[in-house]
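Once you scroll down, you'll see the structures, which are given as structure tokens.
Below, chain A partners chain B and then partners chain C, in two separate complexes.
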Partner chain A sequence: MTAISLPSFRLPRLLEASKWLTVVLAWRVLHLLASGTALWFATTSATLEGPASIAANAAALTLVALDLGAIVGLARGRPVGRSLSLAADYLTFLGAVLLLLHVNRIFVGLDALGETFGRGIPFGIVAIAAWVVTGWGEQNNKLVTTRKYARYVAYAAIAAMLVAVGILPGVATFVARTLQPLQLGFLTIALASGYLAWRTFQTDVALEMDVKNRTTRTLDGLLFVSPNALGFVAFFAGPLLFSLFVSLTEWDAFGEPVFVGLANYAQILGLNVAVVGAGESASAALAAGYQPWFSLGNVVIGARDPLFWQSIRNIVFFTAFALPLSTIPALFLATLLNSKAPFIKVFRAIYFIPSIAGVVAVALIWRQLFDSTIGWLNYIISAVIAFLNRLPLLPQFADPRLQWLSDADIALFSLVIVFSWMFIGYNAVLFLAGLQGVDNTLHEAAMLDGANRWQRFRNITLPALRPTTFFVVASTGILTLQLFGENVVLFPTTTPIGGGPQNSTLTPVVYLYEQGFRRFSFGYASAVAWVLFVLIFAFTLVQFRRQRAEAEG
Partner chain B sequence: MAVVTGSKRRKLVERIGLYTALSTFGIIMVFPFAVVAFGSLKEASDIFRFPPRLLPYSQETVEVDGEQEPVFLIEGEERVLLETVAIGVFAPPDDLDARVNAQVDEVERRGGFMDTETVVIDGEEEPLFDVPVDGDVVGMVQLGTTTEGRFASVEDPGDVVGANVRTAQQVDTLSAQTSNFRQVVELQNLDRSLTNTVLVTLLVVGGTVLSSILGGYAFARIEFPGRDAMFLVYIGSIMVPFVILIIPLYQLMVALGWVNSLAALVFPFFFNAYGTFLIRQFFVSIPKDLEEAAVIDGASRWTTLWRIFVPLSMPAIATLSTFMFLYAWNSFIWPFIVISAGNADNHVLTVSLQQLGGRASDTPNLILAGVVIAIAVPVTVFVLAQRYFVENVATSGIK
Partner chain C sequence: MRIKRWTAVLAATAVVLTACGADNGTETDAETGGDPGIDDAEDGDVDEGDDVDEGDDAAAASGDDVSLRWRTRPDNDAETNLYNSVSEEIDAGWDGVGLEYEPGGSETSSYQDVLRTEIAGGTAPDVFWIPGTDIADFASRGLILDLRDSAEASDAYAGDEAYAPGPMELLTVDPDTQESGQSLWGLPRDVSTFVFYLNNDLIAEAGAPDPRELDEAGEWDWDSFREVAAAVDGLGGDIQGFGMNNWWANPGIWMNSAGGGFFNEDRTASNVGSDESVMGLEFLSGLYQDGLGVPYGEDSQPPYQAGQVGMQLSGRWSTPAYRENDFDWDVVNIPAGPAGAVNWTFWGAYVVNANTEHPEEAFDLVTRLTDGEVQASIAELGANIPSRVDDEDTIDEFLTFAPPENNQAFIDGLANSEPEGPLWEGDWPAFDSILAPAIEGVLAGDISLEEFQSTIDDQLNATFE
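Now for the complex of A and B:
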């Protein structure tokens, strides 16, 4: 394949380094004034709220801090002044570009692209095909002309694709929108700070300031990491912290968040144990505000939020079945697949397919199989029972005609079947990768010592597979504890959606969705999410500890 | 010699056992897909038939008086259904087991409608009916009703017999209803969902690969203070389940005005800790001599990255691409939350399918056709790029 080539161009270097640094210092003072104004605006503005306000404040505060540091550093001739100045200009540049795209509705414009994109797909396929041809015979230098023409075809196809999806009107709209005052302002800021950052980054400026290699390396590293790191802050770390804050508030969709401390967690986790006296009802025995969740003999456990605890009970039950059912057969399958017999890769591929089909498709497939009157599952069970009943010496079995999806006692187990079917093959391939790493000499030595197959599996394979087993169990457990998609597809009409008959398949994520997006109690839903996170974390930690302990003992 | 044949036989037995076990599991994995593939080609009436059949059939028809009429097989003769008539099940009051079927309109209440004669059976008063039996008229009580079809012979239209419609055997031929696909595309706007999904998937894969290459290079090759701590935070973030981000990320989408827009499915997923980790691990394994030669020639970091690291890392990039492809194509919970309420033009396949499943439960054949459309692309890509899928799984296990 052809190497990726990038266009190279050079901007003019204005001024010599020492004069440039004076310009930068002056610019920094201006920039500080501007970002200070922005900070004042962000803190006092009433139109900004929620995440937008937090982001604006954080951005303005960062710029103000960087500017202050840069001014001090530059005035004293320290390299750190240049570094901070670079950071401030780079961030301003990025911010201005993103704001320009945002106010020009480029990001949301993706929806319009969705409409026209279909027309470009045939050209895209031609481009890909032509690109594949450009790689033919490259090693032994054959088919030179074919490759040359293929490259032209690829370029033409890409151009045709862009025209077909409407790049020309798109660019025209973008230009027209950019010629408005606000947009032109952003464009000017972007160009100015972009050039400032680039010019300050040049080696002559670095030499002038006597910048150490280490600093240059740090700047390089941060520059390369920056797209990823900024995205990480905006879409992961920031939201994570925000979620923690939201979980401490009471917040519906329309009002302002009201800080309530740990009240959400108290409501979620509140349990009360009582002994039911004779002739007393369970709810009467419990303290006020608690409803019965679970009873054992005459001891009743009440919860302030029985639905949440119901979801916990469901998910524990689900995990207790789905985890062994999707890992133990997988290990068995992997030992079968770990052989050099012909066609073994075909079987590996077949086992893998359910996991690539996706939750929604898989759940819809099983919904058809689960149908209690015309579904294959009940049909096969009936056939097997009819066959058994024809055999002599066996008691007669009754045909159960299970109501897979409407019987509250079975619904959760139906989900276990769907989940396990989907992930057995995936886990088998994981185990297979682990098995192929097991040292064969140990097996041969044990065989010579007369160890049978089971002994070898138990004493050599299993210990060697321990890291793989940990990974499989931990990652599958994380998936089971977040069960959601299967529920929603199989039980689209229950309330809460995905809750199943009599809430028998209500899982924590289903409950979170109900609280957050049906009742719009964002604070409460966030607290549910954090409790679930702690549960998942504890589960992983226990698995990790167990693996450690086994490895040492 | 005997030892050799013994071990050969043992090997053969082992092989047979191996393939039997593999095939059994294989059938469990493949059978549901076979049900989907054939089910997507069935007529609605065929898919509701009991007992279920795997292959798609449709009922044969003959032309009667210019109309196409379905053909049934009754006692070995091909017949068409003329009409269904209401049938009463009657029995004499003194012998309730001697049941007789008679058309309801051939039976009259004894004594007329107003003053019907009655008999008492099990303490209940039951009306008496005059039922014609073999030319006689017998007074009977009604036990129940059923329906019966009047079937005329195809060859001789005057030859009419009665038979139960529900259990009448249809004359079927194999036939594939390819129009199901067109119907489901129209019903649920699936063509638009498909292009949206392709667009979102391409952008997510491209964006992730790009940001991961840049980040992975910095983590692998540029030493700077705080790099290792930062990398640890990245790895740690892989452990954090997505559900915890749902609420705050939704709020962020509200603030950006991206709710119900494809932008919400694309841009937040450009920055992927797992991808950065994967690419970083591959870059670390590339020998330093290769880039040193380039650096001596005066190549910048940027040039080294694109000219040396990226071409050498195509397997890792392909692995990451397959991973992100599956992730973007199949992701459900986030699209379900952020775009399912609004404009159906912005739906992706998973959301469309979920809604289709909710509203088309009376036409499961169309649902299955939708499933086929949704899984066709990932399965094709999987068949073409199997190596990278399996590699992705294997590497994720080794970490």
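Now for the complex of A and C:
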């Protein structure tokens, strides 16, 4: 077979290393001026506001800092100057490319591409099939001609797919748009920064600055992780920090945020304890601005935001029931599934299904089951009670006709049932994996020593499962504290949505959604989110400590 | 290996570049203020040159100067299809303007939440529908345009008096002066009222009087309602006398009919704690305590459709679903309380996004969407009542859209009703968040009426501050 070869393309290395470093230093000064101007514009511009303003300021400030550091480093001949310069150019390159794609409306187009992509799927299937054929007989060098033609077919199919999807008008539009002054500017910056980064990254420049191998390897590593790291910063850490800032403001997502300091946190966490006197109402006993939240005898606890504290009380109760109910049965189920019974793999799959089913689908089905008038649960309970009442010698039982979704005393337990049902199977699979890692010789030795099944489970299996148990409890606990979807689907008509009868299923996430997306108090909602974060963090920390203490004996 | 690498790079690049071709401009900046930095008129790929509005690739491609996106909250697929065909019809007869209809999600899929988020992100449509209760919130946040100037300059606008007066009174409030007839925040898409959907088979089986005949005789009041509900409930088993879902409006009609209501006269304070309002709740609470209805908080629609509920409270929007009932059914106006049968007028309005680049065309679209003919074609589906009152034929035609036979009950409800309305001086979501759980507590018997009455107004009045 004639190999298809493509021309090897290498960028030219302009200037020798020492002169190049001088150019880089000059470029850094220019870049600093540009970054400083961008920072000034971002700070003073009236057109940039909200998150866009913060992002622009952060980006410009980062570049200014990198430039300053690089200039100092390069001037002193320190390797760190090269590293910082590389980072600045790399970020400038990425930023320019993204801006070019943005102003050419690529991202909007990618969204719309979904509509035309279907036209290319048949060709895509042909391309994949042909590509598979190219691998046939490769090891013993058979079917050479077939493989050659299959490769041509694959290339042709890929080309046809692109044409069908719309490559030709796409390229034409892209080129036409790129020829506009703004786009050309971004393209120039991207090319210049890209080349500068590449050239500065070359070995001769590194040697010129006595860069250590360890630094080079670090830079290589950072380059590899940069897509993920930048994505993390842009889509996780950035929004997280932004929400922290928002939590210190009063903001409705439309206007300018008003800085209020810790006022949102004070409102959320404000509690007041009072003793109610004879003939006095609880509200009157509390300080101004506090409403009764919880009372014990004549002691009343008031809260500035009783709904938040109700959500905390609900979630603590929910976790207290849902966590053991979705882990302890899971452990015993895993023990059963660890046997070699016939069709055991089928049973494993069946128990796992609820965890891969969507929350909405599961909750919708449970909503039907829970219906107090035509639901299956009450129908079965009624049938069982009717059967028991027909039996002799037994007392007559009353049919409770439980109002699973409308009784404030029961609604939270309905949620516990749904949650536990969803996660028992998933946790069982995790325990199963742990069980299969337990050394069987320990069981055999224990059996020889006369240990019964329970003793072996208690003294061998459980200790061996500690890491798995830690993971299951920690991850399930976090899920319980973040309860949201199940509420919203089971209680869609209550106010707030998901709050359940008399707010009996109001959870912190439901409450922050209500505050954020219904009341448009994004500052307050963000503060609730951060309080919840601290709660979850504390829960996880306790688990970690406990795990470590157990591991250390 | 190099070939594979180049192929992968080329394919990925090609897909990205293809996106330019796939971008048909439906998310253009011009309509929604998405990206003002892009000037498509200069792109070179637009033939119409200077006549083409900036950013309207789709409009340019179709030969239209302006492209508008609009959205409603349809109740079912049939409505979605109908709105689509309405959009296409208006589009075809409107030179220079291209329309794109986007069906929104249902009420329970957070239609308004999604919409608000899109507005914050700058991607909301030019024209959209919102419930009447949200008008003040949207207007006071500057999310929708005051259309008064556009209306006065428009030949197509039929005038405020051409639409249902209750909603128009609330849609024309100037937030500064609190007076009606000043601003214009939108035009009502349609209206609806509450009725009781009857299961005539169950009522006959129970030997109870026919509510429609009682209504005709002027004897359809709370006592006779209770009598019918008790008779049907007495059939035993899973049969329930009446049903109504957990929604703020449902307890409200009992308060209204008792002479009370949610707000005081000028809607600046709570009236929920008044003796009249509490009397309405007391009657309703008695029905539940005596077990005559589907427990409050349970979805009563499925048991009604399953033939297990004698009377189901709902609006016109339930008609399409109930047309599938396999029992004899009809509707009757709500029963009269001490103050008569005081209904709600439910309504929502088409409003214009404050960020639209085409306010005049957007207002024109609103007038076209609320045209009598369009409303009649939508009303024919059964989900709503036209909001136009300037053409009697529209209502006459509505009365023919059977079943139910007794469509007049909806029109009678309109005659004596409180318009569901925005709180121009209060926070409706906060008000609702406090009132709804409190009413749940009363109807479940967990909160006494005395406790409710002594505390509720203080809590609710805080939402007006």
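Note that the second predicted complex is superposed on the first by the 441 of 553 C-alpha atoms of A that agree within 3 Å, B and C clash if a C-alpha of one lies under 4 Å from a C-alpha of the other, contacts with A are read in each partner's own complex, and residues count from 1 in each chain.
Just so it is clear, a residue touches a chain if its C-beta (ideal position, glycine included) is under 8 Å from a C-beta of that chain, and two chains touch if they have at least 3 such contacts.
Quick caveat, the model's predicted, so the values are computed rather than measured.
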First, second, both or neither for A:192, with chain B first and chain C second: neither
First (chain B), second (chain C), both or neither touched by A:468: first
Partner chain in contact with A:240 - chain B first, chain C second, else both or neither: first
Which of chain B and chain C A:446 touches, first, second, both or neither: neither
Partner chain in contact with A:282 - chain B first, chain C second, else both or neither: neither
First, second, both or neither for A:269, with chain B first and chain C second: neither
Partner chain(s) touched by A:143 [first = chain B, second = chain C, both, neither]: neither
First (chain B), second (chain C), both or neither touched by A:438: neither
Partner with the higher number of touched chain A residues, chain C or chain B: B
A:115 touches, of chain B and chain C: first, second, both or neither? both
Shared chain A surface residues [contacts with chain B and with chain C]: 4, 6, 102, 107-108, 110-111, 113, 115, 367, 371, 373-374, 492-493, 517
Partner chain B, residues of chain A touching it in the complex: 1, 3-4, 6, 50-52, 55, 102, 107-108, 110-111, 113-115, 117-118, 121, 214, 217-218, 220-222, 224-225, 227-232, 234-240, 242-243, 246, 329, 333, 336-337, 339, 341, 344, 347-354, 356-361, 363-369, 371, 373-376, 379, 421, 424-426, 429-430, 432-434, 437, 468, 471-472, 475, 478, 481-482, 484-485, 488-489, 492-493, 509, 512-513, 516-517, 522, 525-526, 529-530, 532-533, 536-537, 540
In the complex, chain B residues that touch chain A: 15, 18-19, 21-22, 25-26, 28-33, 35-36, 39, 47-52, 191-192, 195-196, 198-199, 203, 210-212, 214-215, 217-219, 222-225, 227, 230, 234, 237, 239-252, 254-258, 261-263, 266-271, 273, 276, 301-302, 306-307, 310-311, 314, 326, 329-330, 332-333, 336-337, 343, 345-346, 349-350, 353-354, 357-358, 364, 367-368, 370-371, 374-375, 378-379, 382-383, 386, 389-390, 393-394, 396-399
Residue ranges of chain A touching chain C (in the complex, touch as defined): 4-6, 101-113, 115-116, 155, 158, 162, 165-174, 176-177, 179-180, 182, 252-255, 283, 307, 367, 371-374, 403, 405-408, 492-497, 499, 501-503, 514, 517-520
Of chain C, residues touching chain A in the complex: 2-3, 6-7, 11, 14-24, 26-27, 35, 37-39, 42-45, 108, 110, 112-113, 116-117, 119-120, 137, 141-143, 238, 240, 245-248, 294-300, 302-303, 306, 308, 427, 429-430, 432-433, 435-437, 440-441, 444, 446, 455
